[in-house]
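Both complexes below contain chain A, partnered by chain B and then by chain C.
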Partner chain A sequence: MRYDFDFAVLLDYWPDFLAGAWVTLQLTFLATVFGMAIGTLCAIGARGKRRWLARAIGIYVEIIRNTPFLIQIFFLYFGLASAGLRLPVFTAAVIAMVFNVAAYCSEIIRAGMDTVHPGQIEAAQSLGMSTPTIYWDVILRPAIERVYPALTGQFVLMMLSSSVASQISTEELTAVANNVQSFTFRSLETFLAIAPMYLALAALLKLSFWGIGLFAFPRRRRLGTAL
Partner chain B sequence: MDIVFNWSYFGYLLYGAMWTLVLSACAFVLGGAAGFLVMLARTAQSRLIRQIALVYVEIIQGTPLLVLLFIAYFGLGVFGIEVPPLVAAAISLMINASAFLGEIWKGCVEAVPRTQREAAECLALTRWQAFVDVILPQAARIATPPTVGFMVQMLKNTSLASVVGFVELTRAAQVINNSTIQPFLVFGIAGTMYFVLCYPLTAWSRSLERTLNVGRR
Partner chain C sequence: MSAAVNAPAVALPAVALKDVRKSYGPLEVLKGVSFDVAPGEVVAIIGASGSGKSTALRCINGLESIQAGSIEVCGHHVGTQRSDAELRALRQDVGIVFQSYNLFPHLTVEQNVTLAPRRVKRIGNAAAKDLARACLAQVGLAEKADSYPEQLSGGQQQRVAIARSLAMQPKVMLFDEVTSALDPHLTGEVLRVMEKLARDGMTMITVTHEMGFARRVANRTIFMRDGLVWEVGGAEMFAAPRTPELQSFLGSEL
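Up next, the complex of A and B:
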């Protein structure tokens, strides 16, 4: 059977798509910043001397990594609502994404920290560096530089999974597409149209991570070699 | 009258979990077969085929699974047939898995030392013989831990099939929550079930990784 594609009707809705893409970007930005911060702290805690803290972080990471994001977001959003705390959907989506991505980040960063040779830390200690300096300059920065490609990939995946937030009706790109297809009855065209938008967002995200990498790791910029 | 969670609801969740497993198995078999083709294309001799495969992988890895799922669901509906949600979900999961598995396996094939291929060439094996008899068995060993790791990812991804109305674990939990309104309990139990299904795979992947590293040291 023949099907006549009609993408023209979607043109009227471009401001909605743009607004949706903007919300997706905001979700991604907030989740990246907070996820990275919490992930780093978790990675430090997981390697620290306090056994109970390391165990607690381990349990948190395993729970997040072994359950679907959709269940996490439902648990958080509907759960808190039933307990009387009605979060705005945007906030709920950000919190769920931060919790989710922080767990993956902490695993990645921990793997990076494990590659730092103990001799380097001992050398830094014998030079009389303070613990925060050692953590920042000797452990974290080289560790993050090493796992930077993996982190980039993880954040791109997180941006893509922000589409799941449409299920609690956060007005991001996929939710907008859902609305548009219910007005136009052009479901296939609508979703075919947002796929390249996500591709563009993914490319934008990779590009910004590359740019941040140039800025954050001057050693690589100057020497042009991998660590 | 308040409806509260009881054992019959628990049975319904188990029924959903069964369909989650069925869908995961379908996705893994179909996605594995398609992923194998992607891997072959990614390591092909022809530059053109390699590049086409790369574009395919980039497009699929840059599109949310949810959007793929909607495209499969509405796209098949265009042909005028009523698409069972299971078919749409299986197809979209297959496409998604083919790109990721293809890329993982391509890395594993390339991780086999070059000298192995050169030795096979010296023994006058054809390219295909060298691939099947020399490269593949070694690559399969390297590929096992990340493949098992990706199975966890696929199992979790099946939760998205709930969106097109396929009754698997997440959908079952949603249906129950709509009548009992005990989200912490219902989604907590559903989450625990996912954890019970996924954690053994995670642990297995980790132990495989450890044995493999010992073997190569």
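Up next, the complex of A and C:
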């Protein structure tokens, strides 16, 4: 039982790995931006007065959170294709990731919104502020500040599960690795090589979120304590 | 000549409640409340818990809807039906300070004060900053502009809440048991700010358990009981209550 490691053979494929990592980052960026936006709207809708809307959002969130991501991505890609709508693989992967992460985000943001004391909303109303302003300045900003660590954790998880998109041959990092190992027959080395790449991507994401947090939450920066 | 000058102004009252009724389900908390407050007048509302005094106050700026009667506040009419736009216009003229301060915890003291003027009156950042400094100076907290609410004592937070309301330049200020959450030492600093506001001519309605403040600062005191205005009077009312209910209430408060 001896195994001779040969990482040298992978060196030729560096550009492919880099391209794959770039696709992973693009997927993650788009999923984060749109997922956050849709998640926020869903959180607002779920707390709103329109019962039918709150219920529809509840059903969406439960479906996403209780089915495998792989099935969701297959549904979007193969399911819609059989219905005549053939999405490009990248688009299908982005849409699946957006809807997946938005469902988790909406639950996290909703929890944050629930921590805002009703008295603060009354105070804002008493100052003559309009409902959209109150939602943004008095409810969402402190809510997001409170749940920011949970939110960013969810986005890192999303980046990691973007490897599932390789199953519809989106050319992200895992798909590249799959190709490389089938060319080189060096599967162990290949997957050993991409693990630190995912680690590095996660570190990069965390660093970015930390920087955004510093910029977005001056109170946390100044006092160093959670809201 | 001088008699004419000193005669009470015939100006419209700043606040007028007329037969206001309010229920929560089967529980009627206001059973036809009527009173007027003249411009520049300071009125204290006293009464036991559950007498409807806070509810009456909250109806004045539309935080509670009413089921019957009407309220006139600085030319705004509050009936049983109100649109959001009407409410916002009303609230720009009526400030309210709450028992629990309700400052925005993620904003600095200055941002707490400037938020509404910037968002509602759309004044520029520099003007808002100047306004905040002026309002904070009025409550003696100019040096705390860059602090966060959690870094302040309860009394200081309540004074910031007063400054936040003043920044909207209201015509009437409502105070809802603003010292009830404070220990006696901190109560004093908040009451002094309110006294100064009163001296400066602000129209004020304050729901309070501070009998000393009501007697000393208020032009008139309204005693509420069971959702009704039970007795109204000046400082003399505390020494010589007409109704046995006020007598026993004052006895229990002292």
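In this section, the second predicted complex is superposed on the first by the 227 of 227 C-alpha atoms of A that agree within 3 Å, B and C clash if a C-alpha of one lies under 4 Å from a C-alpha of the other, contacts with A are read in each partner's own complex, and residues count from 1 in each chain.
Here, a contact is a pair of C-beta atoms (placed from the backbone, for glycine too) under 8 Å apart; a residue touches a chain by one contact, two chains touch by 3 or more.
Computed from a prediction, not measured in an experiment: that's the story for all the values here.
Chemist: First (chain B), second (chain C), both or neither: which does A:Ala123 touch?
Modeler: So A:Ala123 only meets chain C here.
Chemist: Between chain C and chain B, which one touches more residues of chain A when both complexes sit on the common chain A?
Modeler: B
Chemist: With both complexes overlaid on chain A, does A:Ile63 touch chain B (first), chain C (second), both or neither?
Modeler: Only chain B is touched by A:Ile63; chain C is not.
Chemist: Identify the partner contact of A:Phe78: answer first if only chain B is touched, second if only chain C is, both if each is, neither if none is.
Modeler: In the superposition, A:Phe78 touches chain B alone.
Chemist: Under the contact definition given at the top, report the residues of chain A touching chain B in one complex and chain C in the other.
Modeler: No residue sits in both footprints.
Chemist: Residue numbers of chain A touching chain C in their complex, please.
Modeler: Residues 117, 119-120, 122-131, 133, 137-138, 141-142, 145, 217, 219, 222-223, 227.
Chemist: Could you pull out which chain A residues touch chain B in their complex?
Modeler: 1, 3, 62-63, 65-72, 74-75, 78-79, 81-83, 156, 160-164, 166-167, 174, 177, 181, 187-188, 191-192, 194-195, 198-199, 202-203
Chemist: What does chain B use to touch chain A in their complex?
Modeler: Residue positions touching the partner: 58-59, 61-68, 70-71, 74-75, 77-80, 152, 156-160, 162-163, 170, 173-174, 177, 181-184, 187-188, 190-191, 194-195, 198-199, 202.
Chemist: Which residues of chain C touch chain A in their complex?
Modeler: 61, 63, 84, 87-89, 91-92, 94-96, 98, 100, 102-108, 115-116, 119-120, 148, 150-151, 161, 164-165, 168
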